[in-house]
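For reference, chains read A, B, C and D in written order, and residue numbers begin at 1 within each chain.
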């Protein structure tokens, strides 16, 4: 099995032309897992329907090109908010069986240190009575653990657990805030990855004890999701493929050095000016960024909590500049609200890098 | 005469506590020129009155503390839009006569290469029939030339011409767009600084011929201003004082290397990670940033022209991150719309730096 | 042929449950024409994708339930902006052949004065070189004339010409503003309905000569449409069915008496308090409302041109209250920008009413 | 003592020209009480500073024209949000001693049923520990009772208690929501007016028990206020002056008949079309409007709770149309959020009317 990542631009949330071209390149019979991570360009307010439109169209495209069976093995993550320096785009991540010929030819053997591996997990439907509760945490924990196993990784080898978690119960109209849904999703992942003491994961801490956090999780809440859905990525020793992943925590939204360290760890070269030497080798760059609970940044007041715009909108735009100035491109999957995914105001950076000419030719 | 720069935070647009403390430190009898550059935190939409409130309160504060004569020698520039990583704050720039004792003690003599010098200029009232026209350009050109002379600089020595230009005629209700007002203001400055061929400065080029631009101008439009008002900064050989200024063009909003070059040229040290070693030595950092007329960035589509937010808002937030990640602080005077102040989508960075311990002690 | 109107609520732009129930009640073999008028609930800003989502889902629903042939005979009009007192909802208007039994039983014969009749028209694709030009006007005029003929009406009998007009050429990326697209669409309809002097319909008048307008047209611009599409409604003498339509101009957005007059003319009873006696008898209420070009209302300044919100958003909300207070319900199809569809700041009201118990039983 | 009401338009929140002309007409020596009610035109979002600007300028104007003593006897109420059909404007309400000559000439004697009378009340500073608590309620109750006494009215004679209530404690940074501040202010007024059972006014009911409400109160929260400030209006038997006030509850935001009833009760004539015959005779029209807690209106879903705009913005715009279509003008003081000031989703209408030619001449 080899994991490949394609990126595709969109002309609008309903546009699937470039995605479809990527899908056409896949042989449904060889696809073990598929994941689609897409940034959509609506207002990111409560009446933004770009995510629903894009998600609907993407399902149609996968169904039309790869069929029902692959559709059922696909994780969809549409995240709204492609502002600032960002380009509206998506990543198609596929775990595919190698063609026998290609496998035979690849005499170089698996890369030392492993190569990118992916796994997915899904909880059962979350009940209204469970939304935002310890049961929700437990369901998230189990889904992450399943995804880790599916990827053939140990919890320590996981570079990123990407968790999508519901906002509402589907049997009764209970609804929690996005921050609450993210809190339980992140804490479930932190437990599955062995990053926090289970004794501290109690309701009073949800969304409040900001010293309690995973270091390798990104959480997304969804008003359409009925289950917790998880995508796990990491380097698996012995895996085929040449992609390498690395991740690391960011101190705050201005932490460009932290982003450079992650890119370097994944194998990307940097210029003396602090920019990525060959952006085309960066197969994926994902950043989760946050703001401090008191609205300050490096000790100074900001307006993220007192403007007419959602704090997450400020943070995504700022980070699009910070990460964009390092990568030299706006094709970055930036999302905001890092509750329980980093220290207060911190963030997470994840990079997947292709081997350079030298390495690939070795 | 010595130019000093203080920065002060605000708790809101109507707050003048920290500004007043800075004003109290000045002796009105010694103040030759005063300039106030302030970022206010309203919505930056058409019904944002934060600038008017802040401007009103600042005038009161200068009047109460330094009197009518100094008030008349003061340039006020309130710029709305303190989003993203920015802190709502201001710079108080004062050109003051040294105390005789201090002047005598300063045996080290003027700094080689000169020290920061400032000058101001003001046009007569711009008539409604002139707004946005070649006459408006000529008035701006003359006001900039006056400010250059007032600063004791040659046009070549100017690091920054900061131009505030009216949107409306005060004798009749003619109104141009902010982009049009900025266009004529910038072209007037470009002429005064000898940066463009006068034959090319024709109405058909205003706001359209984006290859025509100053490289050392920042323009601001104002619905309250009746005249073109100008502040000019540059290093003057033989000037007393220890502040050094440098400026340089930015290729686009992601040009962090360009910001580092300007900071280094002004004397700020940088770490191996690409951040400013001692942010307290940076007396001022001003950035004018822009977006390309077609909305692309490094060849990729962005949403700056197709979202519900003003493009300038996107750009300010992005740049607050890019410059903030270099400076390590959100106290940066970021503004947007670089028409005729840089190439299409480009920008301008200006830094003023205090001498380090080593230099000061030399 | 009998025209029937059903209204259906939506739980969101992607919801077609109630629409589908209405569609299920139709026999595809008997449907001559179908029109769907839907208010969607996005932000109504440039990055609102609710209309695209709703339109996509509605096409799927019509296709799934009534087949390709009926789909091709259907006019879709999705209009975003369901604010204030409005309920997100839609009208399904169908021209259906009577069941023979029902036709035989209906011994009462056609209503005196006629009954509601509908017709549709479509132009060929509008080229980029034609968008916003006299050719665009001519295409709109022809499409309206076709729709009038399709409805079996004379131009004088038309109560409403509902025109959807493209914003862009589909062969080249020319784009006009929504106001410009509406201007040419409305003037084309005014010509077809014989309401304006053709000699005055010249480019210099488009969007500028506000004394030039249709009195029975509502125009909508669409970034997806490639053709001018038209729905015409009017009472046709001899038509079967019992619905009655009336329309009339409104002086301004506060003209509640004008709305009452139209409702009364269509047959709705009013209470002494000025409200509709039986809202269920009102099969449809459509209002196009506008603001004066100078932003005043009854001689006083308003903020519709100087706020951070689109003027159309103000106007829709105001009219939702004015018309809602008369109808006693928020199920009203309110849209804004009445350029060339009314005098400056004026509007158009259209009501379709079912016969009351007394009339029906006669 | 005679109460007079002037209305004045503003060209912007900082404009006091028309207000100043009204102030110039007052003799400071005769002014017993002054109240200023002003609608300002900012965005009404959290970073709208129009209210602060207008309030600042208004205080300066009163001070400059009427002096410190009158300033201290003045109640200022600046309410942001002048959208839709509204005109940005204000009311200047003054209780002035008659000139002896005028008093002697007025042989007609006091109007039967009384004439408009005003009173003001102020609590002590509200402590941070009291904000939103029963102590806050008690302070509001006492301030209303003081204002009732100051007006020379009985609680039953009060037509309107207008209450301004702080959001924050001034000794410590405790802050409640605007809805919470309004809840305690309204309940205090309801107690003072004898409208609710004191046993039901318990913390668990604040903002939650929507069956508990005053019928003659409008509440406004203020982030600048340190005290509860109250203006009370009512007809006092024996009072001089000719203005008459009436108030009444509205069922919901579409209740135009309710508005007509209040106008008629205050003496305004209505046309057969349901509009005010002579708008100039309406000295003041104030409306507090609300939305139901579940977002429905007359049984149908609206988008007031699910759009990107504050529900209050929707409601103000809708009501500006409903009331504007009755009055025939946008000079209406419309505000939103009627918690504890009406039943769920209801509102309050208050009208002050001048005598007509017939009455005045009698």
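The rule is simple: a contact is a pair of C-beta atoms (placed from the backbone, for glycine too) under 8 Å apart; a residue touches a chain by one contact, two chains touch by 3 or more.
Given the structure is predicted, the values throughout are model-derived calculations rather than measurements.
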Comparing which residue numbers subunit A and subunit B contribute to their contact, where sharing over half means same and under half means different, the two sides are same
Among C-D, A-B or B-C, the pair whose interface repeats that of A-D, with over half of its contact pairs matching by residue number, is B-C
Whole-Å distance, C-alpha centre of subunit B to that of subunit C, is 52
Subunit A to subunit B, mean C-alpha position gap in Å, rounds to 40
Averaging C-alpha coordinates per chain, one finds the centres of subunit B and subunit D separated by a number of Å equal to 44
Residue ranges of subunit D touching at least 2 other chains are 41, 43, 45, 47-48, 303, 306-308
Among line, ring, star, complete and other, the chain contact graph is complete
Within the complex, subunit B is touched by subunit A residues 9, 11, 41, 43, 82-89, 253-257, 260, 273-275, 297-298, 300-304, 306-309, 314, 317-322, 324-326, 328-331
Seen from subunit B, its contact residues with subunit D in the complex are 12-14, 41-43, 45, 47-50, 52-53, 56-57
Within their complex, subunit D touches subunit A through residues 43, 45-48, 303, 306-308
